[in-house]
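In the two complexes below, subunit A is the common chain; its partner is subunit B in one and subunit C in the other.
After this line comes the complex of A and B, so read on.
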């Protein structure tokens, strides 16, 4: 498993030497960012059992904060990120505290997080003086990185390819570390039976909140970069559609695996572009794939692979 | 000021009864199959477009067009239950995602067939009542009365008929109900199809008041789910109550606060209710 992941990473590292098409690179870049979102979401959903609908909000809020700080206040991109992440963490702690204190579960948790996320979306939509309403903000600035060999500006497709790949690796490793530690053990116990976990002395509230905050912060990290690559931020970033797309990616890849969401996200990002279709049929195809995956392979691609391995 | 508030109150009740009729479908489906059918918003949209097509394009009388639309939507609902929802019984997340996939399919197909250009029905029932300085379009009053009648009818059917009692029995204890000779599979299918028919009716009547776009369902299903939860899942009259509370709080809220945030008032209310009474306003305290 580990070899396969490292092999995949190696292929991804050398791919830009062989792939020259800009549109393919763009798909890969969006795919990496979607994969980072899916991996961080799976920390909350797959590994802690909380169907959070707040993920798109964390992503969008951070994208807005970084963009506004850079474009309106002339902040440095790298200084704006910690500020955005701090805000996302505070928001997720507030939402999480409310939900977990009142022991909201499953569907109720999903609806309340969705409600908070909609309120935030309405704020970005209507706070015209700061967020420019439904038009969103155009971002022309490109972040730059100072290295001993000179300033590296993220303007070309290839540079963004490596930035987003690094982002994915960072998010992946953080999630892996969290799950490999005692936190992961506690989360598994809570997911399987939180009352039993409580009697064993696990602070259920604390660990649920912890995984929610870490996952949301990682989504915020992705959001910080996303706006600068896409060139604009808009209220749609916080929409329920994005939240559900992330759920679909995780389910397609496989819910109880770290690498599954990466595969699911890359596939779902790339698939609609590989088949030549009109926009309407593309949406229909997306829905059909979602239904097919749920009904035919509920454990996702990774579930399919591991059951084949067990059978052999 | 009083007039403004009264007018908004009535508007809230009318919109709320539309939330209520879809919330009723949400509540029934959830009670009997354990899934939340998010596609009910898309079924409502299908009902609205079918009505528009039958009334404005095929020139049928409006009531017949609505009945035809309900029939079409129920048929689609039956087929989707047979091919999709039947396999997600009792699995909340899967049911949610299948219904969301279905929304994409329906919206894309309607988009491909009728484009995004908003469709407006020619006036079904022009005119308005003027009561104490209030302006009340006849059609809105009519629609609201139909919704109320349907919801109370459903309530009576659930409490007075064998099928309704079977549904209650099933919601309480599926196995015991099956042992008592209730054909549970068929009962679930009936409820799923009935809830899509309600959504179709909601859409058909919606079409007489507002213009149609392929995405109209999204806002209404969210409101309906909010209403169902607000009321307490499983409560029939509660679904109506929840819908009206939501509709009124939005409309009255936008009198005193910026109306751009009208969608937020209901949400804030919902969060507050859920935290104080997790089982909803009308739900059992358990």
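After this line comes the complex of A and C, so read on.
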């Protein structure tokens, strides 16, 4: 497993030498960002058992905050990121505290987090003086990184390819570290039987909140970069459509694995482009895949692979 | 006194499940609480463990009132409860159950040093060795060692209940509350449980066991309390309680007493 992941990473690292098509590169870049969102979402959903509909909001809020700080106030991109993440963490702590104090689970949790997410979307839609309403904000600034060998501006496709790949690696490694630690054990206990976990001394509220905050912060980290690559931010970033896309990616890849959501996200990002469908049909395809996955392989691609392996 | 229950009362609407119950538990003894079905035994235990909140009365643990604590805080204080119906983490093996139950050990041993382990630092190798040794010992004691790599759901009913005891014990509780550990067990399993609990006693563990099987508790408990309709009807040495007229009446009815 470890070898397969490292092999995949190696292929991804050398791919730009062989792939010269800009559109293929763009699909890979969007795929990496979607994968980062899916991996961080699965920390909350697959590993802690909380169906959060707040992920798109964390992503969108951070995208807006970083964009506004840079374009309207002239902040440095790298300085704006921690501010955006701090805001996302505070928001997730507020939403999480309300939900977990009232012991909301499963669909109740999903509906309430969706409501909070919608509130934030409506704010971005209607707060015209700051967010420019439904038109969104165009981003022309390109972030730059100072290295000992000179300034590296993220303008070319290849530079964004490596930035987003690094982003995915960072998000993946953070989730892996968290899940491999005592926190991961507490999260598993909470997901499988929170009442038993609590009588064994596990602070269920604290660990639910912790996984929600870490996952949301990582979504915020992706959002910070996304607007600068796409060249604009708009209220649609906070929409339920994105939230459901992430759910579809995780379900397709496999909810009980770290790498599954990466595979699901890359497939679902690339697939519509390969068969060149219109936007409406694309959504229909998402729906069809979701239904297919739930019916045929409830544990996703990784679940299917591991059961094949066990059977062999 | 390790645990002191003072005038504990719990009402559910118009029903008084536990009525003005008072008793104490000293360190190192085995206390039995028995009574017929619906006499308030499990409610009393749930009140002590923080799962239910009392309507009135006090639960005093080592001199401090712990009424308001949540279940995990009660567990952190050293008061651990097992469940009447075995509670498991589906999909996980017996050893993995035990590893999760070691949560409090890791917390006590490392404290905030746990954060270092996220960076791949901190001396956790020794701790892991200590814990796995402890887990093996406890599984050995509870006769579950040969099942350690089996999925817990595949254990027999008695095995599942024993795993509950083992998980409770590996937390190193000062007082272990056992909710009907013998109910639903076969003859051999009860003999096994009896031996395990006696072993625990020799290790100096304080136990509070509830059961409606008088015979099982009669062999094991140093002292007993009998509950009926939520109230204490007798207390004293187990032999005294079993001979008490009110207890006999509660179990058999007036006619046969």
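Following the convention adopted for this analysis, the second predicted complex is superposed on the first by the 308 of 312 C-alpha atoms of A that agree within 3 Å, B and C clash if a C-alpha of one lies under 4 Å from a C-alpha of the other, contacts with A are read in each partner's own complex, and residues count from 1 in each chain.
In this section, a contact is a pair of C-beta atoms (placed from the backbone, for glycine too) under 8 Å apart; a residue touches a chain by one contact, two chains touch by 3 or more.
This structure is a prediction, so every number in the text was calculated from the model and none was measured.
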item: Touching partner for A:134 - first (subunit B), second (subunit C), both, neither; value: neither
item: When both partners are placed on the shared chain, which of subunit B and subunit C touches more of subunit A; value: B
item: Subunit B versus subunit C as contact partner of A:307, first or second or both or neither; value: neither
item: Partner chain(s) touched by A:178 [first = subunit B, second = subunit C, both, neither]; value: second
item: Partner chain in contact with A:153 - subunit B first, subunit C second, else both or neither; value: neither
item: Partner chain(s) touched by A:72 [first = subunit B, second = subunit C, both, neither]; value: neither
item: First, second, both or neither for A:248, with subunit B first and subunit C second; value: first
item: Partner chain(s) touched by A:198 [first = subunit B, second = subunit C, both, neither]; value: second
item: Contact residues of subunit A, present in both the subunit B and the subunit C interface; value: none
item: Subunit B - residues contacting subunit A, complex; value: 36, 84, 87-88, 92-94, 97-98, 100-105, 107-109, 111-112, 222, 225-226, 229, 258, 260-261, 263-264, 267-268, 270-271, 274-275, 278
item: Interface residues, subunit C side, partner subunit A - complex; value: 49, 51, 70-72, 75-76, 80-81, 83, 87-92, 99-101, 103-104, 106-107, 114, 117-120, 167, 171
item: Interface residues, subunit A side, partner subunit B - complex; value: 51, 98, 102-104, 106-108, 111-112, 114-116, 118-119, 122, 125-126, 240, 244, 247-248, 251, 278, 280-284, 286-291, 294-295, 298
item: Touching residues (chain side subunit A, partner subunit C) in the complex; value: 177-178, 181-183, 185-186, 188-189, 192-193, 195-204
